[in-house]
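Presented sequentially are two complexes of subunit A, the first with subunit B as partner and the second with subunit C.
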Partner chain A sequence: MDGSHLSVVVDLCPSQWHFSSLHQPYPLNLGSFFSQLLAFLNAHIASRHENSLAVFGAFPGKSVLLYSSADLSSETPSNDANSFPPFKMVDSTIMHNIVQHLDTLTQDPDEEEAPSALVGALTKSLCYINRLTLDFNASTANATEGLEPLTLSDPRILILSVSPDQTAFYIPVMNSIFSAQKLKVTIDACQIYGPETVFLQQAAHLTGGSYIYLERRDALLQYLTMAFLPPPSIRQTISVPTQDKIDFRAACFCHKNIVDVGFVCSVCLSVFCQPVPVCSTCRTKFPIKSLQRLNAARSSLPLSSASQSRNPSTPSTPQKTNGRASATPLRSETSLGPGGLPHTGSTNIKGSFQTNGAKNGLGLSR
Partner chain B sequence: MNAVSDSDISISDYEETEAGVSRSKAKGKGKATDKRKKDKAKRKPKDQAYTWEANFTRSWETVQEDEGGSLQGVMNDWMTRGRRKRLLEPQNAIRRTIIRHMVLLIDLSSSMMDRDMRPTRFAVTLQYAREFVLEWFDQNPLGQMAVVGMRAGVGERICDMSGNPQDVLKSISDRHKLEPTGEPSLQNSIEMARNSMNHLPTHSSREILIIFGSLTTCDPGNIHDTLDECVKHRVRISIVALAAEMKICRDLCDKTGGQFGVAMNEGHFKDLLFDLVPPPAQRALARSSGAGAGSGSSTNPAADLMMMGFPTRLPDTSPPSLCACHSELKSKGFLCPRCLSKICDVPTDCDICGLMIVSSPHLARSYHHLFPVKPYAPVASFDNIATSASCHACSRPFPTTPSQNVADGMSAIGRYRCPDCNTDFCSDCDVFVHDVIHCCPGCGK
Partner chain C sequence: MLINSENIDDKNLIPITNKPHALLPFLQSQSATSLSRLYQSPSSCLSIFRLLDSVERQLAMNLLWLESAISLTTMGAWVVQDKKKVYDDALDMLSRLHILHIQSGKLSLNTTFKTSLRHAITGGGITGSFGVPAEKDEKRPPMDIEGLDGYALERWETILHFMVSSGTGQNPTRPSQGVLYLLQRSGLMSNQHGSLPQITSAGFQFLLHPPHAQLWDLLLQYLHMAEERQMDLVEVLTFFFMLSTMELGREYLTENLSQTQKAMLDDLRDYGLIWQRRASSRRFSPSRLATTLTSSSPSLPTSTGTASSLQQGFIVLETNYRVYAYTDNPLQTAVLNLFVSLKYRFPNLVVGSITRDSVRRALNNGISAEQIISYLTTHAHPQMRKFVSLSCAYFFSRLNPLIPVTVQDQIRLWELEKERLKSQEGYLYTAFASQADYEFVLAYAKQLDVVLWENSAKRCFFGSLEGHSNIRSFIERRTSGGN
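Then we have the complex of A and B:
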């Protein structure tokens, strides 16, 4: 197949979009987001006739396929003399489906609180790419008999996210990333609103895509066309913005905190944010001696900003830990997050403190 | 002649040794090629010990074409087998030794120049060993591997214990340095491999994988002493033999809890080798150690809690600074989360504060062993279908007419339902979700 396949995963969490439309400076509401997104999708279709497209929506609690170029709906939209029919087709199908699902969302008030099902949309898009690969192999099986199974030429997934990391879905997200690696799918991520997400950074890094944190939200279309329109194969030649740092932190299994120093079970590699006597995953009992040793070592650790700010309900730490930590206040202040580190250059420090502040504010307000 | 059931085994032997074992165990009719210790206790004296003693079966007669002359029915049957195998797997096998240490022992004796595998056993072994190393490090990113050769009566260290697949690959890439000569010595090389693993912490596994082409071994002492030492130190020995089964090889594997197999051809050789890629279940280890040391099964003395740091990666464009490990001026690197010193590569121990630093994706790679997706149940009829007309994952429309001649475990209408979220998936997605994604698209678990 000559054309490249693009799957777009759109995060459609109503509350986050509401915040985004109020956020100063550069507010971005859902309407103008869609006008820019549809222009980008049309550009993808227009750039090559064979290009295929699928759009997945991540609504709170459910994920939906909004549009796919493989199975087109039978109803043709009314002819409009001023629009190119394929563009019209994409635009009307996507908007129609979104409106439909948003309507069912408002009928069911319970669902509004659920976080958007980004994982479901991501796995669905992987299944969809797998299906395309299988179809493609079946159609060309006669011509290329006996050869290695072919894969689509650069399939990719673009995630447009507005939600913060959902730490409960750490394992499914990582599993999806590894299956994307196996399928040779590139994952691009664009965080339009909200704090930087650790998981999307890792997804883009591990699959060779690019992660962009949008600073000028009003210039979304510019970012989309410059960074995400060219397929991965030609990104070597045109210089695409890459991420400056990748955060390799993990979410712990016990409280779903994002930790930078964790305690790991040697049997099953479960991550915990504090020393535990029994592994909750594989029920292995740990020797009491190592527990004491780790508790002692932990008390000398500076408490990281992540575990403090992102989770106000951090489990109560032993008394002596607090005492030791307060004895070294300067230490914990200097390590306020990965941005303000000595090796990252002085220009970064100010910015990262600001984003940390934003994180804190957001974490408290939600 | 019990054609149907016997041919069942002989087909599946190549592709699914796993399923073959469980099936043959159920029938009490085990075969020698792939048997583990747990099977040994149940083995009866009347069992057939060797492949060539089994009844001659006409496997091709069981392959039935359907009316249209296609082999679709057979393909469906294969898929059913895969599905059944998955259902047979124990749901609670979550204790796996994930931090592994393995010594790959390659026979470099003159018998490896035999041409029963094309072009030679040696060339085939090297090629498969390379593929094995890649796959092994892919699935065991925290593991370490060493390579030892058996040549001219001694064990020869080819590659030291290393966590970097490129190091290992480089050591076995040059075939001229590994040219086979002389007799192999099992005892010498096992002693060498065991000694190189003596210092390892107790929570990691110690494994020896032997690719053995010879039918003789020339040892300086009593190899049973070596075997006892291995049992005592919990070294697990697995052997893939290329010629035939030897009693001492079988004993080495059985007593240490490893796997033994004789490769029948190139494909089978590869399958036997790749069976050893996934981390072994902890239960097997507990059992083998229980035989040796008599430890309880509930408490696992090998388990430990480790403190690990997850670093931040610096980009290529960051201002250069000195790294803590080599004192070189570099842009990219990783920052220790505890002492903020800069390290060139992970996984490693921080040179400044001693914290074990791993990249969290390394850990996450093994999580699908812990939380497997529940097997989907085939939907038998149209009776209880309230959901959509297309696959929940890939939106492929489901067939509307039930297909004929469906095997056991297959759905006539091509729908497979998740027990948790009650959504339906097509058979392609069912296989893909369970084999690759390990995460249900419906419920996100």
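Then we have the complex of A and C:
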């Protein structure tokens, strides 16, 4: 497989795009965004005959496959001697599908309020790449002979987002990232409008991709070309921007807030914004003593501003240690006798370390 | 198959820098004016862009949307330090193609190239360089893709088959006069022995190339020939590139083509690049050979019967030199026959073995051992790849080769064997009157360092050609002086 695969996830939240077109300086409306995006997509196809492309749209409440180079539609583009047929095909198919879906959107005003289904689109694009990998393996007759399945040569996903983080989708996003790591998919992310997103930063960092917060929205195409056009193999020669600072904060499982200091279940690594007696994920009971201790320690510490504004019951750091994760395992008196393993309890961590791919997400704080 | 990465010399793992495409050196040799004429066509720019190396492509893309020149240092800042050479090579290649201008420390794209590539990517312009598609004609539907593939395959294999069976006494279908002329001009066949052209050693090597390289070899020769025929090279190239961006299974009009390009239609029809209903037809359809010119996807459809044998490979080679080729394609059989002595033939299988005689025959034809091995490797049956998964075949090829080591080494030994005898012209000096005479002359010849062989028992020695005049005059002087 010589060509590289690119899946693009486009955030098509109408309200955010409306704000973006009014935002000063450098307003960017959907129309000029698309003319630049299509030029970028064409540049990807132009690079090699074998390059494949898929475009997913994240509309409010639903995600749609807008274009895929794998299934060729029967309708041939109109006769035009001045354009390369594949380019014409991409442009017309994408625009046609978007207009169609936006039309159905306006008929249903309820849907317009929903946040855009970025996670859905991301998941679909991962499934799509997985399918390509399976097809590719089947075609080389490798799978039948019990060999290690091959992976496509550098598949990647580019997320173009305009919405702020939807903290409710923290767990699905993290699960998508772990699947991407397993599939060896690079996730690139570009936040075109709106606040910096924590989740996309983490997605790009954990999969070895590039994250850009677009400040000069008028130079979108140049950013796309220089940072997101080169496939991972070229990035070893011509580097692309990487983040020097990554926001590693996680969202708590209970209120879906992004927390500075979280309380992590020592069994399943679920993150909570306040000490809880029972872990809602794995039903582990924590001893009342440790709860009291954590609560006492919490109130004695200065409150972090970020969580203060959002949380009625503000978490804070009960123990100060430098850098390393400081676990405070408390022995459960019910399940284990003295000297037993620190099996249950509530842990609190401070400092930033990398995830080990825990099933339920990251227990990290800053 | 776990390998300690430290054991592998790093240098051996970086031959990834592929050779540039065969056409690029030719383009570099063209003048700046003809190149900038070529760059006026968006389809040419797009095709040339695709022929470039990945780093070169990225550099061109980085500059494409910039209006002003960018300084070398700014661009260089994006390059990873230890890959500086790759970057410099890429810049060098681009500037020799006149795509890139480096002036007083500033980089910019050739304006013509920039405009055309932008047009290609965004659409628009009025150049019509992607070919004017014909309206659908209900009465005469265009040739379907299957038909086109069959046609291209038939034409192409006719050429190759003609080459491979020349001199074997068989009489395959002769390709057209134009093709024959091209084959002779390119030195793939020679016309020395009477009227029937004979395949040359370059021709034998050509047969073992992959189809893509073969096609470009011939097209390059066509370009050289076009120069001699006073054809406009830019128009010839533009037409090639136009074909490469056309869509398979679609008909195009000949009306917008120039005179030169219309004349080319005849030649390209012979090579199987395009299909026309009649020679005078005003429409033509490009075949897969044409539309894949700038890609690396297989340029020939898989031959009939043995599905996907071309891509998958069909040769099983055992350590006992036996070759099983799962093919029913007469051309593949004929090519194998170049270096394998064939034993049995079944509807879909040919069995033979690699013998000393068969390899020597190939070597005498000018085929090298490396070419035989690389042909066997590229066409190896999936079964042979079983233990070398595709992605790491590259790295493990030296450690766990596809072709049995015994066979590989033996083929190489046979090649060395050919070089065992070395002929050298010279003179044999015999019939010396006495041992003293013999030794005296021999001593003189040794001083001159021209003795190749000596035998004192028979009182003779062999001297090289260049020493003869000296030895001769020495003997004459002695005999006359003695008297």
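The rule is short, and it goes like this: the second predicted complex is superposed on the first by the 297 of 366 C-alpha atoms of A that agree within 3 Å, B and C clash if a C-alpha of one lies under 4 Å from a C-alpha of the other, contacts with A are read in each partner's own complex, and residues count from 1 in each chain.
We take it that contacts are C-beta pairs under 8 Å (C-beta built on N, C-alpha and C of every residue); 3 or more make two chains touch, one makes a residue touch a chain.
Please read these numbers as outputs of a predicted model, since none were measured by experiment.
Enquirer: Evaluate whether subunit B and subunit C can sit on subunit A together after superposition, giving fit or clash.
Expert: They fit: once the shared chain is superposed, the two partners occupy separate space.
Enquirer: In the overlay, answer first, second, both or neither for which of subunit B and subunit C A:87 touches.
Expert: Second partner only.
Enquirer: Just checking: does A:247 make contact with subunit B only, subunit C only, both, or neither of them? Give me first, second, both or neither.
Expert: A:247: touches subunit B, not subunit C.
Enquirer: Could you look at A:299 and tell me whether it touches subunit B, subunit C, both or neither (first, second, both, neither)?
Expert: A:299 sits against neither subunit B nor subunit C.
Enquirer: Now for A:50: first (subunit B), second (subunit C), both, or neither, which partner does it touch?
Expert: A:50 sits against subunit C, while subunit B stays out of touch.
Enquirer: Which partner does A:221 contact after superposing on A: first (subunit B), second (subunit C), both, neither?
Expert: Second partner only.
Enquirer: First (subunit B), second (subunit C), both or neither: which does A:172 touch?
Expert: first
Enquirer: See if subunit A has more residues touched by subunit B or by subunit C, and give me that chain.
Expert: B
Enquirer: Once both structures are aligned on chain A, how many angstrom separate the closest C-alpha atoms of subunit B and subunit C?
Expert: It is 10 Å, taken between the nearest C-alpha atoms.
Enquirer: Report, in rising order, the residues of subunit A that make contact with subunit B in one complex and with subunit C in the other.
Expert: The answer is that subunit A has no such residue.
Enquirer: Along subunit A, where are the residues that touch subunit C in the complex?
Expert: 2, 35, 38-39, 42-43, 46-50, 76, 79-85, 87-88, 91, 140-142, 145, 147-148, 150-151, 153, 221-222, 225-226, 229-231, 233-234, 236-239
Enquirer: Along subunit C, where are the residues that touch subunit A in the complex?
Expert: Per the stated touch rule, the residues are 42-43, 46, 49-50, 54-55, 57-59, 61-62, 64-66, 78-80, 83, 86-87, 119-133, 135, 245-247, 250, 256, 292, 294-297, 312, 382, 386, 389-391.
Enquirer: Can you name the residues of subunit A that touch subunit B in the complex?
Expert: 63, 65, 68, 71, 117, 119-120, 123-124, 126-128, 130-131, 134, 169-172, 174-179, 182-183, 202, 205-206, 242-250, 259-272, 275-276, 279, 281-282, 284-287, 290-291, 294, 297-298, 301-302, 304, 335, 338, 341-345
Enquirer: Mind pulling up the subunit B residues that touch subunit A in the complex?
Expert: Residues 94-99, 142, 203-204, 282, 298-315, 317-319, 321, 333-335, 337-338, 340, 342, 355, 359-361, 363-371, 391-397, 428-429, 432-433, 436-442, 444-445.
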